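Lettered A, B, C, D, E and F in written order, each chain numbered from 1.
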Amino acid sequence: MPKKKVKKVVNKENIRHDGRKLSELRPIKLEVGILGNADGSAYIEQGKNKILAGVYGPKEVHPKHLALPDRSRLRCRYHMAPFSVQERKSPAPSRRDIELSKVIREAFEPSVFTEYYPKTSIDIFIEVLQADGGTRCASITAASLALADAGIPLRDLVSACAAGKVDGRIVLDLNDKEDKEGEADLPLAYMSNLNAITLLQMDGMLTSEEFEQAINLALEGCNQIYQLQKEALKAKYVEVKETMNEGADEQ
Amino acid sequence: MTSPVVARMKQKRMADLISLGKRLDERGLTDYREAQIEIGVIEKAEGSARVRLGKTEVLVGIKIGLGEPFSDVPNQGVLTVNAELVPLASPTFEPGPPGEDAIELARVVDRGIRESKAIDLEKLCITPGKKVFIVFIDLYVLNYDGNLIDASALAALAALLNTKVFNYEVKEGEVQIKPGYKSLPIRNYPIAVTFAKINDKLVVDPCLEEEQVMETRLTMTIEKDEKVCALQKSGKGYFRIQQILEAAKIARQKAAELRKLVVKK
Amino acid sequence: MPKKKVKKVVNKENIRHDGRKLSELRPIKLEVGILGNADGSAYIEQGKNKILAGVYGPKEVHPKHLALPDRSRLRCRYHMAPFSVQERKSPAPSRRDIELSKVIREAFEPSVFTEYYPKTSIDIFIEVLQADGGTRCASITAASLALADAGIPLRDLVSACAAGKVDGRIVLDLNDKEDKEGEADLPLAYMSNLNAITLLQMDGMLTSEEFEQAINLALEGCNQIYQLQKEALKAKYVEVKETMNEGADEQ
Amino acid sequence: MTSPVVARMKQKRMADLISLGKRLDERGLTDYREAQIEIGVIEKAEGSARVRLGKTEVLVGIKIGLGEPFSDVPNQGVLTVNAELVPLASPTFEPGPPGEDAIELARVVDRGIRESKAIDLEKLCITPGKKVFIVFIDLYVLNYDGNLIDASALAALAALLNTKVFNYEVKEGEVQIKPGYKSLPIRNYPIAVTFAKINDKLVVDPCLEEEQVMETRLTMTIEKDEKVCALQKSGKGYFRIQQILEAAKIARQKAAELRKLVVKK
Amino acid sequence: MPKKKVKKVVNKENIRHDGRKLSELRPIKLEVGILGNADGSAYIEQGKNKILAGVYGPKEVHPKHLALPDRSRLRCRYHMAPFSVQERKSPAPSRRDIELSKVIREAFEPSVFTEYYPKTSIDIFIEVLQADGGTRCASITAASLALADAGIPLRDLVSACAAGKVDGRIVLDLNDKEDKEGEADLPLAYMSNLNAITLLQMDGMLTSEEFEQAINLALEGCNQIYQLQKEALKAKYVEVKETMNEGADEQ
Amino acid sequence: MTSPVVARMKQKRMADLISLGKRLDERGLTDYREAQIEIGVIEKAEGSARVRLGKTEVLVGIKIGLGEPFSDVPNQGVLTVNAELVPLASPTFEPGPPGEDAIELARVVDRGIRESKAIDLEKLCITPGKKVFIVFIDLYVLNYDGNLIDASALAALAALLNTKVFNYEVKEGEVQIKPGYKSLPIRNYPIAVTFAKINDKLVVDPCLEEEQVMETRLTMTIEKDEKVCALQKSGKGYFRIQQILEAAKIARQKAAELRKLVVKK
């Protein structure tokens, strides 16, 4: 059986199939505070990813025996809409969903002052409306904004981005095609001001040099995203201030 | 969060207003909240639409799959409607498998589409008894501020009108996908109109606060020729026959108004 | 593919395939108090439908957090025996079962003085032993008798009956064949003395005139069934009285 | 509901009586309650029977389906027994998937039928390895007053004897149903006889009150030639070997009596 | 279709296909106290059966409403490893697993002084690592040692063994092939000192004489196993004593 | 069971020791506990191995089945890894379906095998798109004393190296098993190395007591040519980049040591 000839995803000029340079992020759009009921919320578009994050809490825990005496219980559900992927996904949580919910929750633990709210829970709900590679990182980026929007005291925002290896080159922020056809994917979450890596996973194969290179590139991506997050919060803050002024005018 | 006492006072005021033909948010008893409809919001889905009805927000995505027909209708495609009340939409929604409210929502929307024969299911048959298209309609509630049924039914219809089915050919019994798309064969436009009964009066498009005080609820789904094609009384209370006949009249009018928002737009 | 010629379900003389007139109920048999353990019970045969209803309560609620401070919690399970239908039904509750359990429960809410029994539950269990169309209505008719048999104070009995459209005619109390081949089915539950419609659903298509006609016909059916329910209760009451007299004789 | 004190006194009295060879309801230790059997009560099922044993009431419905054989017995039909302890039968039964009691009930009844080879499963093979009949036996408990196993096994046997299998022909590998029916091929008649041990004495057909005080329980299933074809000790206590051999003797006699109620009737 | 000719499992000289005599047990290996965390544990090899039993308790019950006021709640889970049988078994409990868990639990009830530990639970976990017929009996034999190893006061050890009928002969301790091709299998659990049968089941067909013979043979098997159990406990006890002496030496 | 106060004192001491480069059980920070590996312990499984890492004990069994390939890789066999934290292994493990810890364990082990292409899945294809071998790897934890991932990954690799696949031939589209076996085609040897971060220091192969006090954990899986083939940060804390690069160096060295225990042995 002849091997099918794979069309290169990255060309000789180091331009990726979607026109990006090796260390270029996909276009990112961030919006904060867009849901009516959640205590905090945010929306991200990163390439074709479309993800909503909502936060409820701190609030009473149900069932009560889950309450922790010395801090808030962080809970997280990463969930994909059935229509978010090529073949309809059953709405029941897959093993992948359960693993991602766990590592995403753990990526936030170091960022939240959970000790301020003993015996409560803080619930993070992530809904992937459309998926195109790198959803866990985009989810973290959005959910951190949702936590901030909920007014929950944070040590720092968490920014997340993957680096990886495609056609032999180390690239930033892989999309679905690159993730599937590439040689490695390394998602990473980071608190920029604290130099703290809070999520780190990898699929694929990387030599020792490539590994170091990929981590550094992912960190660079996180730093860029951190700026975008701050702008999004500022935009919301300004908006809120303007609304308040309007309210003042009305009075 | 308002205190229970304040909440009860507000409820009393809401009910009193309704007796006078008025509503807290200044709508008339038969006025809908502003409806915003965006279509094609999920490019990876074969069809999609997002509807905002006031602060209620529903996203509907449609996927087209392949499968076997039911044995009693071997030459028809399969329609399946599923609803998820995901927990970011409301503090009262819990993660986990669909509860009775989500199931009722999905089934009422399903009934309107199915009974009005909105989709020409026979056109979705590939090989009778063997292979047909399956139309998965997923109702995804993003923010809950009352009247999920009408918002979901509207979004489902908008998404159906926006749905594409891939071309195919059958080679040696296997379905092979070919380039290009056709529209889904839609031939009717069912619209759900929901009434809440508060202080023995009917109001349309109840918001969450109104649902919290309503005695009961009635959804009437009206098809393009003004026939009733689905009904659902829901909630603890009861209706008098006069109220139901009155509701039917209003529903026809409201359905026509709402239908304009999605059909030939 | 040629359309198969459908044999008419209603003939030119307005006689239905089972010999009934358009506005004629199927034969109905009602029995009250037929189960040993339930606090109240009733059995209905309506055409080929065979349905048992049992009531337990008012009683303590389990789990306790479901207790309501100001009234009894009404619960209802509509369930079909696996052998009740043509193809064996899995005993796990289907989505249809869950919806019917909800609307049937809500059909009883206005009839029960739930405020007399705060913090308790009243459980209604319905077992469809054989199904032949119109099971939700027959279930309500039986369950209302079971509630009465349990001695639970009721504002009125709930009687239920469907009307619908078959071969262009508005007919009463559709059986399975009519339901499947007909154009519309409109089940309705009613408290006759209070003029209160407590369940209303519809499948199919009806013009405005047909709709009004169908509702009126269903109400007529409910009124007839109401009489049968009262007779069944009276029969049970007389029987009990007779048994008591016998008991007196024995002493 | 009787108070716990009264209940305990009653239990003591029951146990004392049994030591004297007597029972609260005046039966002898090896007497069954009155058994009533109705067959064909569910017309839509291929077979059915309702058994009343005192106040215990069990309905058994049998459905015949089509399916694949198990790979280790490709030329045999499939037998499957399922029990439901539906909540209207007892305040102690909960809705939900079968618990260990329902599963044990189904499996003990299954074992009696299967081990006695009551159904000629080879006659239920349509196309070896591909298509066979499936016999679904559903045990449906309607009122629980003790000794569900014997009542269920009796109802299952009565229903099997009353079961019809539709005629068919195989055309181009597809099974097509033809008019008419045949009887299910039954060639043995297993009868379950259950003993409760109370105060170290054996009683047959325990009622609910007896089950509540019994130390343990033993079911022996006896086939037409008086062979034992299934056993199940159930409950916390133990038996001495002498008790088991004594039980076997009584079981043979009781099985013969009960069998007359369903076979050639 | 011609019947396939079954090769005899027991030959004319009454020697079984694995070389055993009719009333001979398979080789049995017992080890006590082999798990680090369980309060008590034991391992059995009986033929190709390989089974681990672990006991936790007496301990607080979760959830609390399961606690019994007058005695400890005995709980038991019989579970098979997916790789323990020919075709991989799904790890979800089958109906067979649930039934066996029940009868095994009940086989221990008469042996444990549960009344010494009211409001607690004693949990018995059985893991079948490899199955070759007679796993329920071997499980009981091992679990009884695990209970003893946990220091739980017992009226007597429970020993278990099956007898059955293969090729017309009554045989002891059937292996998988004999169980499947034989005519009857009768597993039995026994407290030797108390003459108490605590588990009794049977599949197959036995005449009245065969039945009595099989029970007696199974009891004989139990008595042999009882000796092996006592030796295993003694071995452990000696081992512990030796370890203690060593410990003393080290000090 | 030690009291909470004693436990806290012990934890403090453990953390203090680690700051000094020492551990409670006298290992160095980068020392593994003694590893014992037995292969072929389950004769009925196609492959098996039991690994003891100190008191942690994991049994891995491998079954080979037949099934359909995934539609996107029609010419590859299927690999599936499942983990069970059975309750006899720890008082903190509960019976029931796998929780997030068991799922993470299985997926991390799976990732190492899959990403290093340890199994030549193309050689497990029988009929492209139709029939392939399925390799079921079941991780069975028998005693939990920390570092389940490394013990499980090691046992899985040892079991794979010990796995036999039955011979077969395809006759008229059906797979028929023939006598004899081949070895599973293994071409890489991934080894998982796990670090706990305690008092900002890294230790390898944490035991249970260390896991109870660790801030966070990192698993690096290293393949035969010293490439990293899987990573998993797990637990609440965080790492600095320097720690991760340091861990990578140690992991390569430790992986080489551990690999010798299973490969060519």
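For this structure, a couple of remarks:
Quick note on the criterion: a residue touches a chain if its C-beta (ideal position, glycine included) is under 8 Å from a C-beta of that chain, and two chains touch if they have at least 3 such contacts.
Worth saying up front: this structure is predicted, and the values here are computed from it rather than measured.
Note on connectivity: the fewest steps through touching chains from chain A to chain F is 1. Minimum number of contact steps separating chain B from chain C: 1. Annotation: the A-F interface is duplicated by B-C among the options B-C, E-F or C-D, judged by over half of the residue-numbered contact pairs being identical. Of all the chains, the one whose CA centre sits at the greatest distance from that of chain F is C.
For this pair, chain A with chain E, the centres built from the Cα atoms lie 52 Å apart. Remark: chain A and chain B have CA centroids separated by 31 Å (rounded to whole angstrom). We define each chain's centre as the mean of its Cα atoms; on that basis chain B and chain D are separated by 48 Å. From chain A, with chain F next, the chains follow one another around the ring as A, F, E, D, C, B.
Residue ranges of chain E in contact with chain D, taken from their complex: 1, 95-96, 98-99, 101-103, 106, 109-110, 186, 191, 194-208, 211-212, 215-216, 219. Taken in their complex, chain D has these residues touching chain C: 41-45, 48, 55, 57, 59, 61-63, 65, 82, 84, 86-91, 95, 97-98, 136, 138, 140, 142-145. Residue ranges of chain E in contact with chain F, taken from their complex: 35-38, 41, 48, 50, 52-54, 56, 59, 77, 79, 81-88, 91-92, 123, 125, 127, 129-132. Of all the residues in chain B, the ones that touch chain C in their complex are 75, 100, 103-104, 106-107, 111, 115-116, 128, 216, 218, 223, 226-241, 244-245, 248, 252.
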